[in-house]
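Notes to accompany the following structure.
Naming follows writing order (A, B and C), and every chain is counted from residue 1.
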Amino acid sequence: MMNRVTLRKTVISCALLAAALLFAVVFMSLLGSEPLPVRSSLCALASFGSTSCGLTSDQFDILFQIRLPRIVLAAAVGGSLATAGAGYQALLRNPLAEPYLLGISNGAAVGTMIALVFFGANEWTRPLLAFTGALLATLAVYRLARGRAGATPERLILAGVIVTTFLSSVIVFVTTLMDATRIRSFTFWLLGDLSGTSKAMLPVTIIIAIAGALTLTLNARSLNLLMLGERDAFDLGVEVGRVRVVVFLVASLLVGSSVAASGSVGYVGLVVPHLARLSLGSDNRISIPAAALGGAVFVIVADTIARTVIAPRELPVGAITALIGAPLFIYLLKRA
Amino acid sequence: MLDARDLTIAYDHRIAVADITLSLKPGEITAIIGPNGAGKSTLLKSLNSQVSPSSGSILLDGQPLERLNRRTISRRIAVVAQEAELRFPVTVLEFVLGGRFAWATNAGWGWETEHDLQIADAVLRETELSELSGRLMNELSGGERQRALMARALATEAPILLLDEPTANLDLSHQATLLALVRNRCDRKEAAALVVTHDINLAAQFADNLILMKQGRAVHTGTPEQVLQPQILQDVFEVTVLVDAHPVTGGPRVTPVHDTYRHS
Amino acid sequence: MQPSQHSRKGVQALLSRTSLKLLPACTLLLTLACASIPKTVPDGPLTRTLTDDAGRRVVMPARVDRVISLAPNLTEIVFAVGGGAQLVGRTSYCDYPPEAKSVAAVGDTMHPSLEPIIALKPQVVLISTASQLEVFTQQLQNQNIAAFVTDPHDLEGVFRSIEQVGEILGKKAQAATLVQTLRQRTYAVEQAVKQKQPVRVFYQLSGEPLYTAGRDSFTTDLMRRAGAMSVTADVPGAWPKYSSESALAAKPDAIILATGGSMGSANSTVIEALRQSPAVLQGRVYKINDDHLTRPGPRAVDGLEEMARALHPDAFK
């Protein structure tokens, strides 16, 4: 077994995952409720949108206007949530910390709802208020979970239950104020939905995902120490206060932008970082970028399943991630 | 190296430490002993700037502690804790390399240098953990884990070591080993160590200076011979003690005298 | 023992022996009595049994003066058959006709409250399965309140609902008249569009996320009668969440946006994926009051007429 993680190992692993991500983007875009000719589609993708590959104009639109943006959004959302999950796990010193389970996604949802109700037309208010909501929820969980011994699994889950249930009531309250029609989108908040791709906000979501992953990776070494005890990290030279603030802000921003774009997609922040650590080690310098890339792949695949398994109807993507994630969560709880 | 003068620390509306003056010199081990609640751990935390004193001053190499940044302090002062939170799987080598953080040029993302690895190897040898370097920390026994904590502190190359009840969870054979490591460090590398401990006899064996604290105050300071006097100890610990010469080391040996409850 | 005690014991023994003999007889009588008491009304000879759309045999008083409606379409039907005075409770979404708003509200369609319902002492509660209130129905039964379930999947089902409500409220004649009028209007529309080529229509129930009308939705039936062919007519379910790709690939010639009623201004634009569809390019996007298309009540025929006129304007000169 490897004694430690090296730069070389990190670069190789990330390169492999990046390749897997590229593969996922290309091949999942061939799948959907409408069949597309494989050869022509691959030709069009490879040539970055050449119209002389043999696709009809409808097929072209399906591939480039509907599927690709959706897949890219899935990657951004998956990467964001997995990175945020890894961040919370290091910060709260607990492998079970996850934005959905801790109610942080609910906080972002409440923020987005307030944006929709009071500032409906302005799209920029949504990720902004989602970020605020996520931040407040994060603070609440952190405060509640802290005890003498740090965030033990029990305190953490308890804190998460308290925050989640409280915010769920707020969500119900807000949805009763909103139009009856908006309530139809209730499953959007609870189970996520990647079908509504706003052309304006997609670049923002991507930028936030990449910037967030980079920021947390650049603090990975500090997080390695923080993960093993706040006091120890302090003694060894980590500026605990500063790193904590950075992780809080970045993780909340990541969750906020994801939820504002696609509702709450659960378990990504739990399953993917855990798998990354299991296969590559707990060192955040490798597990955070690996989680970001792996999360992107995970949600792309989950969303492809969600939009093809009962085609032409669609399932919410959160249903698929939960089907995979919940059993894994139970298994992890038993291990902990 | 580390000088504290008239240190007073108050929190939670009570005075935890009052008017303590101490000085750590290279090559010396200072032990702080005293009953529970005497303020020993609080004093230790202030020396590491984890707790701020209400009055008094702490100078590290002549500079006020509060003016120095975290990294500078960590390069000069290392803390050996009682135990580590090990909720994530880490290998011994990774754990010990954590001690090199304060020396990283790129603290956030940087990777360990050859120099870092050499130092890690050296301290692993010093603490007899070389063979276990690839094992996971939570697979180790209590004593091995304590040695790993020690190794990490040593890896920081800090000349000042602060140890808070380092032998609390160790069985007899490991207690002496640990303090022998500290003694070794102090002798060879001119380090200074401050050990907070409950074990008076262990302190007597290894410490050059003793500070006896009660209710936040330093009641008596000096060499073990000077401090470990029956009357002084009886006043502080409120128990009758017998002090004689240790048959092997010659230093003072403290034995509390209780009423006999066993059948004779 | 004293003689008095002896006799007391004897009486007790006699009583106990008699009780024992009478016990089976009493039990039998009690069971018969209970079985004959209708579940909803204690001890009334004037009851009747109707079968609702869920196949349940519902027992209720022969004369119903107090009814609660738990769905907007049912409220509209109650008023339309002239039973407005008998309505003692409605949901907060029941906003038509305007007189309905002065009736006490007992919660919303998804989560009606049991307590206000009980407090209003209804004799019958009208439920629409669209609200998925099976569990709630059980709760009502436990309170001895008759729950009548309606479940129309097509226009005929809507007419049946009107007749059922008319029967319940003692307004059979008014109901029959209303149904006849509605049938006539329906027939007129069907005749007008009979010769026309059915228009391929996509029904957009809501935008992002995209929902449409499926096989089990009565709106699909309305569209068929209006001279349209819904491109999602075969999709399982009533209001399925639909793939944008499939909507695009369907290339509908007309799009119906359900908006302007309870929806307000929501859903008033066609989704991105359909912006290049024949419907949009030809300007055949029609906004129709969503309440006329999603509430299986008398106004459904309004919706039918509006759709038909929009899709086949030359048939109605």
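By definition in this document, a residue touches a chain if its C-beta (ideal position, glycine included) is under 8 Å from a C-beta of that chain, and two chains touch if they have at least 3 such contacts.
Every value quoted in this text rests on a predicted model; they were computed, and no experiment measured them.
Undergrad: Please classify the inter-chain touch graph. Allowed labels: line, ring, star, complete, other.
TA: line
Undergrad: Mean of the CA atoms for each chain, then the mean for all of them together: which chain is nearest?
TA: A
Undergrad: How big is the gap, in whole Å, between where the Cα atoms of chain A centre and where those of chain C centre?
TA: Between these chains, centre-to-centre, one finds 41 Å.
Undergrad: Could you tell me the distance, in whole angstrom, between the mean C-alpha positions of chain A and chain B?
TA: Chain A and chain B have C-alpha centres separated by 43 Å.
Undergrad: I'd like the Å distance between the centres of chain B and chain C, where a centre is the mean of that chain's Cα atoms.
TA: From the centre of chain B to the centre of chain C is 77 Å.
Undergrad: Touching chain A in the complex: which residues of chain B?
TA: 48, 50, 69-71, 73-75, 78-79, 81, 84-91, 93-95, 97-99, 101-102, 104, 107-112, 133-134, 152, 156
Undergrad: Spell out the part of chain C that touches chain A in their complex, as residue ranges.
TA: Listed in rising order, the residues of chain C that touch chain A are 93, 108, 110, 206, 208-211, 232, 235-237, 240-246, 248-249, 251, 262-264, 266-267, 272-273, 276, 290.
Undergrad: Along chain A, where are the residues that touch chain B in the complex?
TA: My answer: residues 1-7, 93-95, 149-150, 217-222, 224-225, 227-229, 231-232, 234-239, 277, 281-283, 285.
Undergrad: Which of the residues in chain A end up touching chain C in this complex?
TA: 32-34, 57-58, 61-62, 65-67, 176, 179-185, 188, 193, 195-197, 199, 307, 311-316
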